[in-house]
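The same chain A turns up in both complexes below, where it pairs with chain B and then with chain C.
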Partner chain A sequence: MNYSFDFASVFRNFGPLWDGLLVTIELTIAANAIGLTFGFVLALLVMSRSPVVRLPVTLFIEFFRCTPAIIQIVWFFYCVPMLFNVFLGSVTMGILALGLNLAAFNAEAYRAAIQAVPREQLDAGVALGLTPFQRVFYIVLPTAVRNSIPVLLTNGIGIFQQSALVAIVAVQDLMYQGKTLATQTYRPIETFTIVALFYFAVSFPVSQIVGYLERRREALAS
Partner chain B sequence: MTFNFAVVLKFQEALFLGLWMTLKLTLICIVLGCALGFLVALARTSKNAILRAASSVYVEFFRGTPVLVQLFWIFFCLPLILGVELSNMTSGVIALTLYMGAISSETFRASLKSVGREQLDACVALGLSHWARTTNVVLPQAVLRAAPTLLSNCVSLFKESALVSAVGMADLMFVGQNISNNTARPIEVLTIVALIYFVIAFPLTRAVTVIERRILKRLAL
Partner chain C sequence: MSDTAPLVKIEGLHKSYGGVVKVLQGLDIEMKAGDRVVVIGPSGGGKSTLLRVLMGLEQIDGGSIVFGGKPYISANGNGKTAIDAKVRRSIGMVFQHYTLFPHLDVIGNLILAPMKVRGEKKAEAEARAMALLTRFGLAQKAKSYPAQLSGGQKQRVAIARALMLDPKLMLFDEVTSALDPELVAEVEQVILQLAKQQMPMVIVTHDMWFAKNIASRVIFCAGGVVVEDGPPEQVLGSPREERTREFIERVFHIKH
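Right, the complex of A and B next:
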């Protein structure tokens, strides 16, 4: 190949990329805040005994888990303003779309962790005369939340990567800035490589932490 | 506001073509990606340090960056580097195969690890060649254990394949967005497109649960 690399042209335009990264991180943190809290509520609702509560929540969760994130985001940006006659600013819309998607995935993580708490522990709680509320708060939740941490972290970093999709609906995140810069400078190789490295530099340490937590848990279990 | 779902029916044929493209792309990349994933999983446990390092870098990089960035990179940068024009289909297949290979190699690695050390010792004792050991002893068990996760990887790939619409491939998502823009009826069109994806992905995720339960039962024997 005879292509001369010019990474300097990317570094001259570092400002927009940096701003984009900040928007991406803002999207990730806010979406995680929604995902962690709303996901937990969904998990509790999906385990409800009443089918009237359980069915719509199950449908909501499955719908977000079984359709591409890109169509959820495009749908959200086109249809929510039409249906409800509101537009909340593109970053807020992006946060809501990503947050709802993450909530559905986290709900599954919470549910799996709650159901993995051994039956005997609850029986022991009954034998000790704890009220149902105390059983949930002091026995189930601490174990369940601890067990769900690796999956929640993986989902959280997953949404960091999925957040690149909002570039398609013109939210000015890292991917959007990268795309603009690649077209302006005619330097796609350098720009997209740097953008990929930005994403990688954030994701990789988190995935290493998840790996460490999982190894430690396996070591503790055996 | 009034809904008019009949609009969508007029574009039935275009949507079918888009769906066909999505399914074709997904199936090709599942086959190629699984094969690649298995080889990479073997490379990651190889004795050769260079092979091990290269495969680790590949897997971590593809798992650590957004698929959208990978797609853009392969669509816009690979032709420049190789100096040849690649068709949309070729670029799409390369990008999604590399993604599928990376996530599946992790699945295979976990399942390979679960094949007991004793079995390998038994193979040595029986005088089996390295090749016979890999294909007749390790592979069947690894595939069986990997099956549920592989299937859910396939569902992920099916969903991620919608991203190729962003680089102009005429898949279901792309066709849907075009129709939605031309008819100015995003609610009806995009909802139907989402439902099509759902109708295919949902039964598959249920199948994952059923298969998982069966395999667990079988391995517990």
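Right, the complex of A and C next:
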């Protein structure tokens, strides 16, 4: 192969890539804000004793977990405006799609962590005279939230990568800018390599932090 | 309360899991304020369930419990169990496993309930907690987290935590079964110390030495009923019932 690499043409156009990265980070942060809060609410609802509450929420969660993210994004982008006559701008629609997807996965992470709190911890709470609310608030949640942090971080960084999918609905994120630049410069190898390194440079440290937190948690588990 | 009035009066206690597994089948026990009752018996015989019911952790199918002259727990016929939460607060319990809250340090574990349940001030609760920890030789562990403690230390902290609420009855459910043998003594010493101060208690244990040394009364429970009930010398030493004798020989390797 006598291809001569020319990374300089990519570096000359660094500006748009940088702007794209900022949009991607914006999408990630906003989606995580939705995922962490709404996911928690979903987790509480899905553990409800009332099937009237539990079943629709289960359906909602499983819908997002059992369909490809790309379909969800396309659906939000094309179907929501037609069905409900609202369009909130491409970035907002992207954030909503990614945020709800993340909320579904985070709900499962919260639920698993809450249900993993040993039964005897709650018994001890009863024996100490704590009310049901106090038992949840002072015993279950502090332990559960702490234990769910590694999974929440993994899900959160997953959404950072998944956010590349919104490029297909013309959100000007890192992936979109990369595609544009590759076409303009006729340098797809160099451009997509640099774009991949961008994603890696953000994801890798976070996955290292997750690994560290998990090792620490195992060391502290009693 | 006079010494003769019962502290706990359990009558006709029935409990099953899902209506199928009948664990307690008409249990009657009367306990005086000075009693330290050790409950022994085969697994599945209802010992732990009895303690859990006494703590108000279980629904019951029939019977009633009166505590200190007040109605405490009763089955009201339609499958519901009435538990008086106020009466329940005068009972403390220590469990076999996972008793401490892992996200709180030792002192945090001790002051949580006094502050949240009784509205005690933090400084006040902490002072009482430190006094208890000092008494149990744990003062230097006040700021440690449960994961940094040995099993024996954890159980001693759990006992201190229960005592923070000034219980009138303490329940110990196999509190040394999960411990390494060399850690058992330190926990039993603490319970013996409480016994000396006339704390009424119900203890489920498989430790013969401990049972003999702490009990004022031993109850042998099997098949969900009280098979034998009497002073430790009698029940452990020369049991009247064949089932008690068999159990003691098998578990404690003692031939009569």
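Here is the rule we use: the second predicted complex is superposed on the first by the 221 of 222 C-alpha atoms of A that agree within 3 Å, B and C clash if a C-alpha of one lies under 4 Å from a C-alpha of the other, contacts with A are read in each partner's own complex, and residues count from 1 in each chain.
Heads up, the rule we're going with is that a residue touches a chain if its C-beta (ideal position, glycine included) is under 8 Å from a C-beta of that chain, and two chains touch if they have at least 3 such contacts.
As the structure is a computational prediction, the values presented were derived from the model and not from experiment.
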**Prompt:** So, does A:Thr143 touch the first partner chain B, the second partner chain C, both, or neither?
**Reply:** second
**Item:** Touching partner for A:Ala97 - first (chain B), second (chain C), both, neither
**Value:** neither
**Message:** Is A:Gln162 touching anything from chain B or chain C once the two structures are fitted on A? First, second, both or neither.
**Reply:** first
**Prompt:** If you stack the two complexes on chain A, which partner ends up touching A:Tyr3: first (chain B), second (chain C), both, or neither?
**Reply:** first
**Request:** Based on the superposed arrangement, let me know which partner A:Ala196 touches: chain B (first), chain C (second), both, or neither?
**Result:** first
**Fill in**
Per residue count on chain A, the busier partner among chain B and chain C is B
**Asked** Intersection of chain A residues contacting chain B with those contacting chain C?
**Response** none
**Request:** Could you please specify the touching residues of chain A with respect to chain C in the complex?
**Result:** 118, 120-121, 123-124, 126-130, 134, 138-139, 142-143, 146, 220-222
**Request:** Could you please specify the touching residues of chain A with respect to chain B in the complex?
**Result:** 1-3, 62-63, 65-72, 74-75, 78-79, 82-83, 161-165, 167-168, 175, 178-179, 182, 188-189, 192-193, 195-196, 199-200, 203-204, 207
**Prompt:** Along chain B, where are the residues that touch chain A in the complex?
**Reply:** 1, 60-61, 63-70, 72-73, 76-77, 80-83, 155, 159-163, 165-166, 173, 176-177, 180, 186-187, 190-191, 193-194, 197-198, 201-202, 205
**Request:** Flag every residue of chain C that touches chain A in the complex, lowest number first.
**Result:** 52, 55-57, 85, 88-89, 91-93, 95-103, 112-113, 116-117, 145-147, 154, 158, 161-162, 165
